[in-house]
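The structures considered in this document are given below.
In the two complexes that follow, subunit A is the common piece, with subunit B as its partner first and subunit C second.
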Partner chain A sequence: MSKKTLVIGGGIAGITAAQKIAQNGGEVILIEKEGELGGNFAKLAYTFPVLADAKMIVTREIQTAKATSGIEILPQTELRGVSGSAGDFTVELNSPSGTRSEHVGAIIVAAGFHYMEPTAYTEYSYGRSPKVVTSLEFEKMAAENRLPKGNARVVFVHCVGSRDKAKGYRYCSKICCSYSAKHAIMMKKANPDSKAYVFYIDIRALGKGYEEFIRDAMEVYNVRYIRGRVAKVIESGSKLIVRAEDSLIGNPVEVEADLVVLASAMEPPEGSRDLAGILGIATDEYGFFQEAEVNVRPCHSSKSGIFLAGSCTQPMEIASAVAMGGLAASEALTLIR
Partner chain B sequence: MKVWLEEKHSLLEEIEARSGQKVQECYQCSKCSGGCPFSRVMDYAPNSILEMIVYGMKDQLLSSKAIQMCIQCGICGAQCPAGFEMYEVMNVLRAMAKEEGYISHETKIPKMNNIFLGEVKNNGRMHEVNLMVKNMLSQGELVRDVAALIPIGPPMFLKGIMGFGDVLPHKIKGQAAVAKIFENVEKMQGGHA
Partner chain C sequence: MRLRIDEDGIRNVVEEAIGKSLTACLQCSKCGGGCSHSEEFDLTPRQVVESLLDCQDQNVLDSRMIWLCGRHCSGCQAVCPVGLPLNDIMAVLREEALKLDIEPKYEQPSLVYHKFEHCAKHRGEGEASESMVGGETQPA
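Up next is the complex of A and B:
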């Protein structure tokens, strides 16, 4: 029986799980395939629902993990093989310095999500016009102070690749309504002369303060919400024309825009089925890791001793990823103690 | 207008069976109507047509102009997140209107439709109105038919074909006018000729 836990993925879910295990006397090996910890959180400028400083928070959490004794952090490291069973796994870890073998009692999978490249959406001119970007690119533009200046018009497009069984995924990505409102507010704050439009099918903002946050976008920041899924984004000279049907008035509408931001789908992390294969655990129809029981065992994978945390199970916001990281930590501790 | 939700969706069931399309799979996102070249001039937008089917509003549906206006271009279906082929539904509604003796007083729209439907029959569905027009021109039906097609409807109808905000000539004669049609249709569709 080994008292160590392997955590796969150094996003906020994995960082939280590692912290909680170590703070309770456990030992952790945290592997991250990239060079740095932080995952997608580290790519954000601000966070809903309070416009908190994302870089500050994620840096603080990474520092805490690094300063906590009992956590060994291995960047640029991936899992190559697993044998054994709950309480007594042998794992093969591959990093630039070579391969090593470790004994661990429990494994937590926190491999996060991948952001869909909406290349299939040619009707939105994505990949054709540099003025059509994804929401993740918008975060980068905001962080680098590259948002449109002057009386620019910016259009935010909901549900690109989500709720679309023809070209994308059947599921709802859950948080794009909220981060699109955040982006519209960020736009208005960075440039009060700008105009922001959000095209939605329906607004899904389920979390403490989320509905109020979206109402503030409308009521305080004068963001214009238009009910209809965008049909086309047409390049027209130096501008873009966004066309949709406003289903509340039953008439087509067009907005001339300087920037169009596509809220693309959160999809399973790259290579999730391969990783599941190595671990011998199940994935769902999309490739997200499958929980053993959705309601009361959200952190249990289909195999004893292997737990799940964060957005590798379904699209979710930071608070939920943190909550799952904490629960996965306590499940691991229960097993190895 | 007062609408009643019937307990038995007989109209819905009939249309689903005849069209092979599952109306209930529609997300009611209205993307189809945003992309339909005629939505602006239809009395009911394509997504509203589907909702009216669910409500069983048979009389309003079968007497509507919208069902006569659909030219089966299939733009809506190509981009529909539910993979839903609206023109199949429109076809069934048109057939039902005919069967049940609903007489359309619109003479110009069916004429234009016939030209487009002929095109669909001969060359398949193109999903792009400009391609259809281009094909028709190359078939020798040429300027006469396209020109005949343009000044037929009320001005609003023309705008539906041309895209919004375009100033339209009232009479179209010859090549220059046809070139203008293309320019506008291409603009409307995002420059994919």
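Up next is the complex of A and C:
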């Protein structure tokens, strides 16, 4: 085995792919544009559907990657150019210390995703009121112990940017139902005096333990689920008024809240089309990397020798990103041995 | 009471007029939730769509909301996640109702409605009256 594999992106999918290749005797160059590995996973406080310590898990995986021989980790590094073909690529990598050229047999794209900034949703007072935050900001608040204290009412809003052709994306971001339930549970655990409301259209929580997780939010933590997409969030003194229709009774309703959390959509990583251009691979209508065949070749890109892993292909949860990282690794191994 | 559902209602007229199927409705209910005039309405826009799909035409044509919705406002249409042209739908329904000699229920919107729709100065009043339980808004 003489050829290396380039893995683009140091989130959980890229870390997993790098680990698996190296554990099977391959050599990996893992590039990450940020200064640290971990990607979006490292920004979370807890995981779902099991409330586990996210920081602990991601740190463990990063340590494993660092300790595995055969993985060269290059932070603050971006891909600038690619030439050649499967089994014989030349890549140009740019980092603060300069540009270097490397010879690799395969490339794995694990560029992750971006949480949409819901700036278009002026009706939700996002950006205007500091009490309207995104789910990602809620994770940060939780980690820094800044969740509302006392008898606070917190409203979680599903589908902000997802399932919305008018202002966002047509697709479902898949994980928001589950992470909103997680946030509601985190809220109730951190402050049992708080009241949690979740406004939903449909609850999509598929997978082992997911339905039970959502049901626990309702049954064990007394989270109130109301069926109806939130239409407006209005600032009212020191409070927020959340307006929606409770579509099960067919009546407009409003809830006074102290904090509103917007479950913003998962969108393609910033610059995904530029990266696809450098690699010469296809993206879909949204800018996610396009798989060759959705069911049985999910990690083949449109170009031989370049493989895809994780949420840069579609919204997905951590478990799927890990599985896809492993699959991409085994595809790369067939080329470099 | 069990409703008998078929496909032969005025939904066909509506769909032809707007060039789109009403089955596109997501039933997310953002339309009714954000409506500034919901106090004056008996149905929300998504209830109109659902009723049309269930061919409950009489419910819809006899409603008050079709005479009000979309005449001085396009709030729901602007936020509809699937882009249903709600104003056009209501216009078609008014035409259909008139064809059947159904009396307009609410030709003249209330003054409060007018005031806060068209004058920024009064918008605060509109919001206040709207959120009041039992509302002060009277049919004209």
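As a working rule, the second predicted complex is superposed on the first by the 335 of 337 C-alpha atoms of A that agree within 3 Å, B and C clash if a C-alpha of one lies under 4 Å from a C-alpha of the other, contacts with A are read in each partner's own complex, and residues count from 1 in each chain.
Just so it is clear, a residue touches a chain if its C-beta (ideal position, glycine included) is under 8 Å from a C-beta of that chain, and two chains touch if they have at least 3 such contacts.
Quantities reported herein were computed from a predicted structural model and do not represent experimental measurements.
Three-chain overlay on subunit A, with subunit B and subunit C in a clash.
By the document's definition of touching, neither partner reaches A:L335: not subunit B, not subunit C.
In the superposition on chain A, A:E235 makes contact with subunit B only, not with subunit C. By the touch criterion defined above, A:A244 lies against subunit B and subunit C together after alignment on the C-alpha atoms of chain A.
By the touch criterion defined above, A:S125 lies against subunit B but remains apart from subunit C after alignment on the C-alpha atoms of chain A.
When the shared chain is aligned, no partner comes close enough to touch A:A152: not subunit B, not subunit C. According to the touch criterion, the shared surface of subunit A, contacted by subunit B in one complex and subunit C in the other, consists of residues 123, 159, 163-167, 201, 227-232, 234, 243-245, 247, 250, 252, 254.
Across the complex, subunit C is touched by residues 123, 159, 163-167, 201, 227-232, 234, 241, 243-245, 247, 250, 252-254 of subunit A.
By the touch criterion stated above, subunit A contacts subunit B in their complex at residues 123, 125, 159, 163-168, 201, 227-236, 243-247, 250-252, 254.
Listing the residues of subunit B that touch subunit A in their complex gives 27-36, 39-40, 44-45, 47-48, 79-83, 164, 187-191.
For subunit C in complex with subunit A, the residues that touch the partner chain are 26-35, 38, 44, 46-47, 78-83, 127, 131.
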